[in-house]
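Some structures to go through are shown next.
One chain, chain A, appears in both complexes that follow, with chain B as partner in the first and chain C in the second.
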Partner chain A sequence: MQWEVVIGLEIHVQLSTKSKIFSGASTAYGAEPNTQACAVDLGLPGVLPVFNGEALKKSVMFGLAIGAQINERSVFDRKNYFYPDSPKAYQISQLYYPIVGEGFIDVDLEDGSQKRIGVTRAHMEEDAGKSLHESFHNQTGIDLNRAGTPLLEIVSEPDMRSAKEAVAYMRKIHSIVRYLGVSDGNMQEGSFRCDANVSLRPKGQKEFGTRAELKNINSFRFVEKAINVEIERQMDILESGGTVVQETRLYDADKNETRSMRSKEEANDYRYFPDPDLLPIVISAEEIEAIRSTLPELPDAKCARYMDTLALSEKDAKALTVDRDMADYYEAVQQAIGDAKMAANWILGDVAALNNKHAIEFKECPVSPEQLIGLLKRIQDNTISGKIAKEVFEAMYAGEGDADTIIDKKGLKQITDTGAIEAIIDEIIANNPSQVAEFQSGKDKLIGFFVGQVMKASKGKANPGQVNQLLQTKLKP
Partner chain B sequence: MHNKTIAELSAGLKAGEFTSVELTQSYLNRIDSLDEQLNSFITVTPELALEQAKQADAQRATGHVGILNGIPLAQKDIFCTKGVKTSCGSKMLEPFISPYDATTITKFNDSGAIMLGKTNMDEFAMGSSNETSWYGPVKNPWQLDSVPGGSSGGSAAVVAARLAPAATGTDTGGSIRQPASFCGITGLKPTYGRVSRYGMIAFASSLDQAGPMTRTAEDAALMLNVMAGLDSRDSTSVDEAVPDYTADLNNSLSGLKIGLPKEYFSEGLDDAVAKVIESAVKEYEKMGASVKEISLPTSNLAVPTYYIIAPSECSSNLSRIDGVRYGYRCEDPKDLNDLYIRSRGEGFGAEVKRRILVGTYALSEGFYDAYYVKAQKTRRLISNDFNQAFADVDVIMGPAAPSTAFKLGELSDDPITMYLSDIYTIAVNLAGLPGMSIPAGFANGMPVGLQLIGQHFAESKLLNIAHQFQQETDWHTQTPDAFK
Partner chain C sequence: MSKLDKSDVEKIAFLARLGVDEQDIPEYATNLSNILDMVEQLDSVDTQGVRPMAHPLDAVQRLRADVVTESNDRENLQAHAPEVEQGLYLVPRVVE
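And now, the complex of A and B:
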């Protein structure tokens, strides 16, 4: 039978507020356990939550960015369950009235086509703490530093039909939240996590099949792998006449398999009800418009602008706009040197290549936009050739200083003195009589040989244009 | 000294008749010799109290101090007090020393008031008789075989027995007014949001409100002056100006329109209590007030509505007390579930468990709409009833409780009758209104409280109405013989 895959994603985005969503404690990552947990985060008797308006602003920014309905009145609910890293034994979330209603994003698929994926809703909630199972013999440690960190949970429609589509959707959401600055999107630190609902149905059938929910997948690569192994697992069951059980499953990256965490029967009854400690969150149409006016240019708009006004190819424009840091970098360089194509080639070429090689994010690139501008200006004013520039760039990347310093120190300045170039050419002509004769008898292609010899003798520093011109004159019979 | 009100004691301190240390010591001595009969304190804090008194005296010597400076008070054990056991009447929190102060405690500390100790209460404020306390029941100072009411029974007994000039209470369904009525003192439950709930251990968050328990309306006004106000730590506290609550005390009541809900004078009300209330109302007529019968047709829905909403909220609020981070933990838990089940099973008392179970059930999938959502709707209807009534009258009056204090153990096995003892007070919490109980006379030898219900933020008006009554009557000055 032909099976159709149906995937919906729930993405948890940590909102980059300084303090927690309901307390004044810091949200900074990596502190000693329980040093960033105040009385409210510890769930002491008598404490009360106070909502952090920054989380609202950032959530609204996301909603506006995906063209979603912003609910002027949203309500926090309690989701009740016992677990040691949930200090109040309930999580404050938004079930009945979320802040962000229906929206959508357009994602690019590998075949070059676009697909619209619906976003059902996005709601604010607090993160839990962490259970530490290592280094406590027969016991579990609890770190509540993360407890109360603001999250935006973004729930998609079941619109995706393959693992690749799911990854494309996830990447697009990642790109948007980073553009907006509402999250650092750091997946290693858990600022961007994903649960995937996966089911299969016979092609052509309208009703959905029974789904499994894959929990807490923390990288783009694992999302794709986890969904694919889950699809295979379900297909095996269905092909052999079995039925898929509705359950929550955990992806084990080491074994590349999913395994059951809890079945539907074991699922908690969360007993949601409106949190009486918090007033409904009310935001006026004017306040929403004020937030709209602070939205930065988003990747799709930026990409279109690069194509329209900078005449970049679609491929280059897309590549430059996925990551906001890369786009910001590009714009700084492009504006300073006034050559959109040259800037694009360098950033998508040499800069990206070395970043990838060293697994470095654009915002941590050791060559600053100003340094790259300094280098490209030296190409433009003929101080160095494009080829020498690559050598200078590598030295800059290695931390050896600015372009001018490196050019000076290494003596890489291009030779543009006609007399000096003529002297080298004369020597080459004298040393290669047979090639000269061949050239003069009509073997034009040999010009390449002579250019190469001159460049070699000048250690690449001779201006290639001048070399060519002078050779043509001197080699004339 | 112990028969004086806050206002009188404050004047004495100011005049230098005695120091706060002397005053505090005299109350500590009374507690030491008399509380054994009452069991009204869970914790007495003599060292802390005397230290605070010393500071209050020093502060007074340096110049201007507030009215409460140097005045000893008793705090209900529901308020978190830094460095002092805060048990909430439960075995579950027997080991809990709070690392922080409730906002109310901070405000009293800042005002220079002295904390004598923490008063006994029904476990987690769930009860109407103080019999659910893990620390044993409090006795009614008027008759030691009777209950003091609950849940603020310890505070009511302390004030009635003159073991402190005043105390704090909290009121979720009548927990200030009913014990005030049973013990013959003045109790005020402010408008929901008037007093911060931060650091007050939550029973039912949408209903809980702290207030003063005093001998006189004037003292209640002095206490409320300190307690009231917006708190950035409590989102449900209201940004409403805090007036000087003593300013209107002496206003004339001529022309005051009193509403008597017929539903509060029907079946279930003790005849002797009804007589006391009627004569109290006559007293107001003498002062120039007019009286009108009104109707609160949804009165019969108040108790059932309350017993969905309050348990629902408490089932969630009490979940954090799980034996993991603080409080009671069972011996040798064999795994996580065992730790939860045995710690909570051994730590919570029967009434608390009953309400947790009722609330858990009411919030469960498939029942939520039928119970919780419906209860919220009836809550709105109850609130609308009051709004309509207040279109015609300035204040609603009636009994605070259907009877006088019952005997210890009398209703222990009858939760429904016990719940009905709050029948006249619960609707006020559901509507978020301010309510008071003031001593109005005696029935069968026990005190009877007159309940005053006002519009939102009408505390000044209620205090004025109460104070004027206390200018004309002396019920509030009566003291049980054993504690004179």
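And now, the complex of A and C:
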């Protein structure tokens, strides 16, 4: 049987507010347990939630960025369940009237084509706390610092047909929220998490098969692996005539398998109802337009502009615009040196390579745009060659100072004095009589050998253009 | 007429994590059924074009500025907890 894979994603994005969604406690990551959990977050009797306007603004920004309808009136509901990391015994969320309605994003697939993925909705809700199961003499420790952190849950249509498409969609959402600055998107710290609904159906069938929900997958790589092992698991069941059970499953990265967490039908009776502690959230068309006017240039628009006005290739333009920090870095350098292609080559090449090697994000790159500009200007004014520049760049990356300091200290300044270069050339010619003879008898390709020898003798500091020119003259019979 | 039976009451009690005495179940079943009957009466009203009410007050939510106003009050708050360790609230073991 030919099976078709159907995937929908729920992405939880932590909104980068300073305070929580319903209280004035801090959302800063990494604090001592329970030092950022106030009476409201603990759900103590008599407390009332007061909604953080910044969470609304950031949610609206996301909705506008994906061309979605913004609901001028949205409502918070209580989702009731019992778990000790949720002290009120309900989560405040939005079921019936979410802030963001239907939208879409276009994702790039590996074969270079684009696919439009529908976004069903996005709603605001509060995060839960954290349970620590280890080493408390058979008890569970609860840290409620994260409880009440604002989340935007982005629900996709079941439009994806492979794990790769799901990852492409997730990456695009990640890129958009980082561009907008509505989330730091930090996956290690849990600011960007994903649940995947996966099912199979015989190819051509209209109805969906029974799905399993994979919970809390916290890296792009794991999303792809988790979905692929789940597809295999379901295919084995279906091929052998069994039926897939609707349930929540957890991905175990160490064993590369998914396993059942709990079966859905009994546990998930959330008995939603409107939260009487909160009034409807209303935002006017004028306020929405005011937010729209603050939207930055988004990755697709930036990519198109790089291709149109900077004449970059599609490949380079895409690579530079995925990460906003990288794009900002690029623009600073490009504008200062006035050479779009040179800036692109350096940033996608040497800078990205060293960042990857040291697992460093662009915003933490030890070479600032100003330092890179200083270096590239020395190539442009012929102080150093492109080859020597790579050496200087590595030294800058290692924190040895700016380009001019390193060039001076290491004596890397290009030799442009004709006399000095001629002296080296004369010596090379004298030491290689047989190659000279071959060259003069018509073996033109040997010019490369001579240039190489001269560059080597000058420790790479001779100006290659000058070397070439002088050699041609001197080698003439 | 909706009539809840014993198993309905037990399920509702379980979802709300309420302990219910066996002997009280028939009375709960009757009372809850009466509530449902009352709600059913509302069904006869034509609500076409009426927006579902989210809140009895005809008002909209005020927004709070995004400012941290709370400082660390852990010691005071944890004084009320039955058991704490290393700054964590301890609860009976929860196993997934």
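Here is the rule we use: the second predicted complex is superposed on the first by the 477 of 477 C-alpha atoms of A that agree within 3 Å, B and C clash if a C-alpha of one lies under 4 Å from a C-alpha of the other, contacts with A are read in each partner's own complex, and residues count from 1 in each chain.
We adopt the following convention: contacts are C-beta pairs under 8 Å (C-beta built on N, C-alpha and C of every residue); 3 or more make two chains touch, one makes a residue touch a chain.
Bear in mind that the values here come from a model prediction, so they are computed numbers and not experimental data.
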Inset, instruction - Classify the contacts of A:S26 with the two partner chains as first (chain B alone), second (chain C alone), both, or neither. - result: second
Inset, instruction - Considering only the touch criterion stated at the top, classify A:I142 as touching first (chain B), second (chain C), both, or neither. - result: both
Legend entry - Contacts of A:T17 with chain B and chain C, given as first, second, both or neither: second
Inset, instruction - Figure out whether A:Y90 sits in contact with chain B (first) or chain C (second), or with both, or with neither. - result: first
Legend entry - First, second, both or neither for A:P276, with chain B first and chain C second: both
Inset, instruction - Considering only touches as defined above, state whether A:R78 meets chain B (first), chain C (second), both or neither. - result: first
Inset, instruction - Please work out whether A:N52 is in contact with chain B alone, chain C alone, both, or neither, and reply first, second, both or neither. - result: second
Inset, instruction - Considering only touches as defined above, state whether A:L132 meets chain B (first), chain C (second), both or neither. - result: second
Inset, instruction - Could you tell me if A:A39 is touching chain B, chain C, both of them or neither one (first, second, both, neither)? - result: both
Inset, instruction - Report the partner of chain A that touches more of its residues: chain B or chain C. - result: C
Inset, instruction - Starting from the residues of chain A touching chain B, keep only those that also touch chain C in the other complex, and list them. - result: 39, 42, 50-51, 80, 82, 84, 89, 140, 142, 269, 271, 276, 278-279
Inset, instruction - Quick one: which bits of chain A touch chain C in the complex? Just the residue numbers, please. - result: 17-19, 23-26, 32-39, 42, 50-56, 75, 80, 82-84, 89, 96-97, 131-133, 136, 138-144, 250, 261-262, 269, 271, 274, 276, 278-282
Inset, instruction - Report the residues of chain B in contact with chain A in the complex, numbered from low to high. - result: 79-80, 86, 88, 93, 96, 98-100, 102, 197-202, 204-206, 232-236, 312-313, 315-316, 319-322, 324-326, 336, 340, 360, 363-365, 368, 372
Legend entry - List of chain C residues in touch with chain A within their complex: 15, 17, 52, 54-55, 57, 59-70, 72-74, 77-78, 83, 85-96
Inset, instruction - Enumerate the contact residues on chain A facing chain B in the complex. - result: 39, 42-51, 78, 80, 82, 84, 87-90, 140, 142, 269, 271-273, 276-279
